[in-house]
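Going in written order, the chains are labelled A, B, C and D, and every chain counts its residues from 1.
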Amino acid sequence: MKKLINAPDQVVADALRGVQAAHGDRLRVSLAPYMVVRADAPTKGKVGLISGGGSGHEPLHGGYVGRGMLDAACPGEVFTSPTPDQMLAATKAVDGGAGVVHIVKNYTGDVLNFEMASELAQGEGIEVETVLTNDDVAVEDSLYTAGRRGVGVTVLVEKIAGAAAEGGRTLAEVTEVGRRVNAQGRSMGMALRPCITPASGEPSFELGEDEVEIGIGIHGEPGRFKERLGPASQIAERLLTPIIEDLPFVSGDRVLAFVNGMGGTPLLELYIAYAEVAKLAQEHGLKIERNLIGNYITSLEMQGCSITLLKLDDEMLQFWDAPVDTPALRWGA
Amino acid sequence: MAIDQASVQRWIELFAQAMADHRQELVRLDTAIGDGDHGTNMDRGMQNAVEKLRAEPQPDPGAVLKTVAMTLISTVGGAAGPLYGTLFLQLGGGLTDHPEGDIKAYAAAWRRALDGVKARGKAEQGDKTMIDALTPAVEALERASELDAGLRAAADAARKGMFATVPLVARRGRASYLAERSAGHQDPGATSTNYLFETAAEALAD
Amino acid sequence: MKKLINAPDQVVADALRGVQAAHGDRLRVSLAPYMVVRADAPTKGKVGLISGGGSGHEPLHGGYVGRGMLDAACPGEVFTSPTPDQMLAATKAVDGGAGVVHIVKNYTGDVLNFEMASELAQGEGIEVETVLTNDDVAVEDSLYTAGRRGVGVTVLVEKIAGAAAEGGRTLAEVTEVGRRVNAQGRSMGMALRPCITPASGEPSFELGEDEVEIGIGIHGEPGRFKERLGPASQIAERLLTPIIEDLPFVSGDRVLAFVNGMGGTPLLELYIAYAEVAKLAQEHGLKIERNLIGNYITSLEMQGCSITLLKLDDEMLQFWDAPVDTPALRWGA
Amino acid sequence: MAIDQASVQRWIELFAQAMADHRQELVRLDTAIGDGDHGTNMDRGMQNAVEKLRAEPQPDPGAVLKTVAMTLISTVGGAAGPLYGTLFLQLGGGLTDHPEGDIKAYAAAWRRALDGVKARGKAEQGDKTMIDALTPAVEALERASELDAGLRAAADAARKGMFATVPLVARRGRASYLAERSAGHQDPGATSTNYLFETAAEALAD
């Protein structure tokens, strides 16, 4: 295992020290419990927005804390959801009296811990609503699974719901638009190379030199199946077709197209993938009105990409374009 | 032997030691069908629990187990944190000091713990989770008429339940994302639960 | 070789198609010759700013084309400097009558081709000045080398000179501030894993599982020496000490600290490295007034990082903070 | 044989073929002490040059070589583009139609090409560059009294010069970044130059 770290069990704390050193002017960083909070939180009368999850997905979530997006993020250990006391502390730190929204990616650990946290927060008289993201079409949503994973759409929910909260919408309104984004968004990912968690020191799955893993999540889990590595055009088609068929996206839909790198994928390759996505979207009659291309929700140094399509409406567009000022996503500010 | 503060404290320390000893095994199992952190999660949580108990010794089994529960909930995260947290919380609630080591009360407390984990995680036996080791172990306790034998029977049942997860297709937790590909692998949580009963027999039985 | 591409010899063209599809509203993309130009270029009376170099360093340079930074970029083949006719076409496309600055990284190929281009442009009556970047302290600047490589400081020159040009400074002034940034900046890089060029399909150098390469450039060249992989604190010290001694940076200096990923390095690790850099800088009495952390000048999927320190003055600070609106660097807009 | 349009055209086609055949060899050499693109650079440039000449046949050696020069300058990039571009530009300028194959005029044209490359790249013999193959080859031509023998002598000299770069420490180009670590490797540019003279002998000598 080759990593730019001091020790496997110090990874999260050391990285948070870096965030503190780099962004201490706009973010408050807590090491006990792990928390990244807007320096100006809580904003009186504003709905608070928090998210959290295992570390290893940077810039998600800490990189999205700031004006127009999250008020706080709770990083867990690498690939391990954070704990209820972190979430409770964050919820209290951002409660401006208008209630707090928990944005939760649908994984058993995240769901159970956020569930406990929201019970505790409500016990202390804070109104809490939860927006669950579950956009990964690689997983069947059935009684026989823990349900679909929350992946790429989480970034879009945090941006759009964040703008709604910044714009003074109510707890109900922020929750509703967040859920709408999740409902209208679908994703699928693939890997060229697995990642290695600092704790295990071993690749999370094995891949032959000519193989790719299709349908991976963001925790190094193996995907649905392996196949021979093909050209970018084939990979894009592999990911986009199930996405389009699932919602389904139909000719004439206005969409946001998000090509995400898994952490170790050079931007050069992501733009090559985007060229293929744009071509396919056009063939399906989809109108790409906005796009996002880069490493935004990652899986350590995994090589590969995920594609997310979001069916846009005017309100989502307005909130997407609204100013955002975070370490990882910034415009209009 | 008795289920009292000393023996329960010893059980927790043995379980913590087991989680340290088997950390890599649990990581490897979780890497195959999960995200590779179960060993570090359980080890981190149980070391914290033992430290907490050393710093603030608890008067009786119930208090010891509740302290373990709260420490796991606040230091583990993942699925295992809330699930093992709930397990120890309910078990502690059900146990009070029984110098004579009443098997019935002990079994009842374990039933309550099992119900708690099922309510939290919504998993049933056969879903390839810790429930598959927990359920037969609790049933063995309920069948037992005497504590030492019950503890040993529970440990055997838990081990069998653990092995029985190998062929199963996961329906809960991360492993369920793999669907058919999850078959042929032993469930990490069922494995840690096996060590929980193994150490219980060691610490609580003569 | 595992890459998200269609074919090794289509990489640059395919990626440019992606840039066109993603940013066609603000950028003009030409495939013959390869060029990325601001849609609104040329700006009458504004000094034009162009740069260029081999591909594989994304977002450098195409990602920095936009208001407040470059007017055009010329991407060459992977790791191969572009050709004079590309540079001439770009120079003409951005000439607003106030002259054009060529920002050139100091590599024989880049220097020779830009030299020819500037001779040709001047032959056509366009005033051209060149800002050469050569900030890599891993290379001795002597008669026995081609001189120091231009690396991390190039990004800072493009931002700061870009703001000067946007602010209406003259050709002489923009050139002067660009050269000052290069003169006050120093960098050094290291690799955990080499990169593989699409054309060669082979790792650019060999590294053992416990080895790192210290003093690498951005073209997969081997570095100055290998050593045993140590903790992030040691790696930061390894890179920062020669940087600090070379300028030298002295106690009380105000600096911009730039921790750059080589393309395959997760942000998590870059923040861990930044924490160490901030600690060391403080020990040396340096005052970090600005920072930049991320994959900004890369070497395909290489894993590793480079550190750049720039000694700031008030004018540099003002230009650094000025609005910038490009695909890869954006604030205040 | 003569240095005329036909033979020079043939030389260029043979050199282009050599760059295609040895593309991977040049990539490997450049990977060791450079950035691994010399083979693709030269191959891309020479294929373009040949296509250009097929599309627009040139009347005489000078015109052929100038077309090659302009194509390399506009399609190769890197160090090799301007350097080989300058080489062919100066060589073409120095050559005019010599049906009788005047060795003196031919050698003079090559001297002019060598001077051009040195002026562009500021490298001297011994810096571990293409100059180290070019210089002895040009000197061999200048020593020769007759074309065929001169062409063969130049090819031998270029090959020797190429091998002579192996022990050298690079002082120009990317390889110079490696300082001492550049010794023990053959210079890619000197290697492509060796093929230039090898194909010249094949195309221009009887």
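By definition in this document, contacts are C-beta pairs under 8 Å (C-beta built on N, C-alpha and C of every residue); 3 or more make two chains touch, one makes a residue touch a chain.
Quick caveat, the model's predicted, so the values are computed rather than measured.
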{"item": "Number of hops, chain A to chain D, where each hop joins two touching chains", "value": "2"}
{"item": "Far-end chain from chain A, centres as C-alpha averages", "value": "D"}
{"item": "Mean-CA-position distance for chain D and chain B (Å)", "value": "75"}
{"item": "Rounded Å distance, chain B centre to chain C centre (Cα mean)", "value": "54"}
{"item": "Whole-Å gap between the CA centroids of chain C and chain D", "value": "32"}
{"item": "Chain-level touch network, classified as line, ring, star, complete or other", "value": "line"}
{"item": "Those chain pairs that satisfy the touch definition", "value": "A-B, A-C, C-D"}
{"item": "Interface residues, chain A side, partner chain C - complex", "value": "2-7, 11, 14-22, 55-56, 58-59, 63, 192-193, 209, 212, 229, 231-233, 235, 263-275, 278-279, 288, 291, 293, 295, 298, 300-301, 303-305, 328, 330-333"}
{"item": "Interface residues, chain D side, partner chain C - complex", "value": "27-28, 31, 34-37, 39-41, 44, 73-83, 120-121, 169, 171-174, 176-179, 181"}
{"item": "Chain A to chain B touching residues, read off their complex", "value": "9, 33, 54, 76-85, 107-109, 112-113, 115-116, 138-140, 143-146, 149, 197, 199-200, 202, 204, 217, 219-222, 224"}
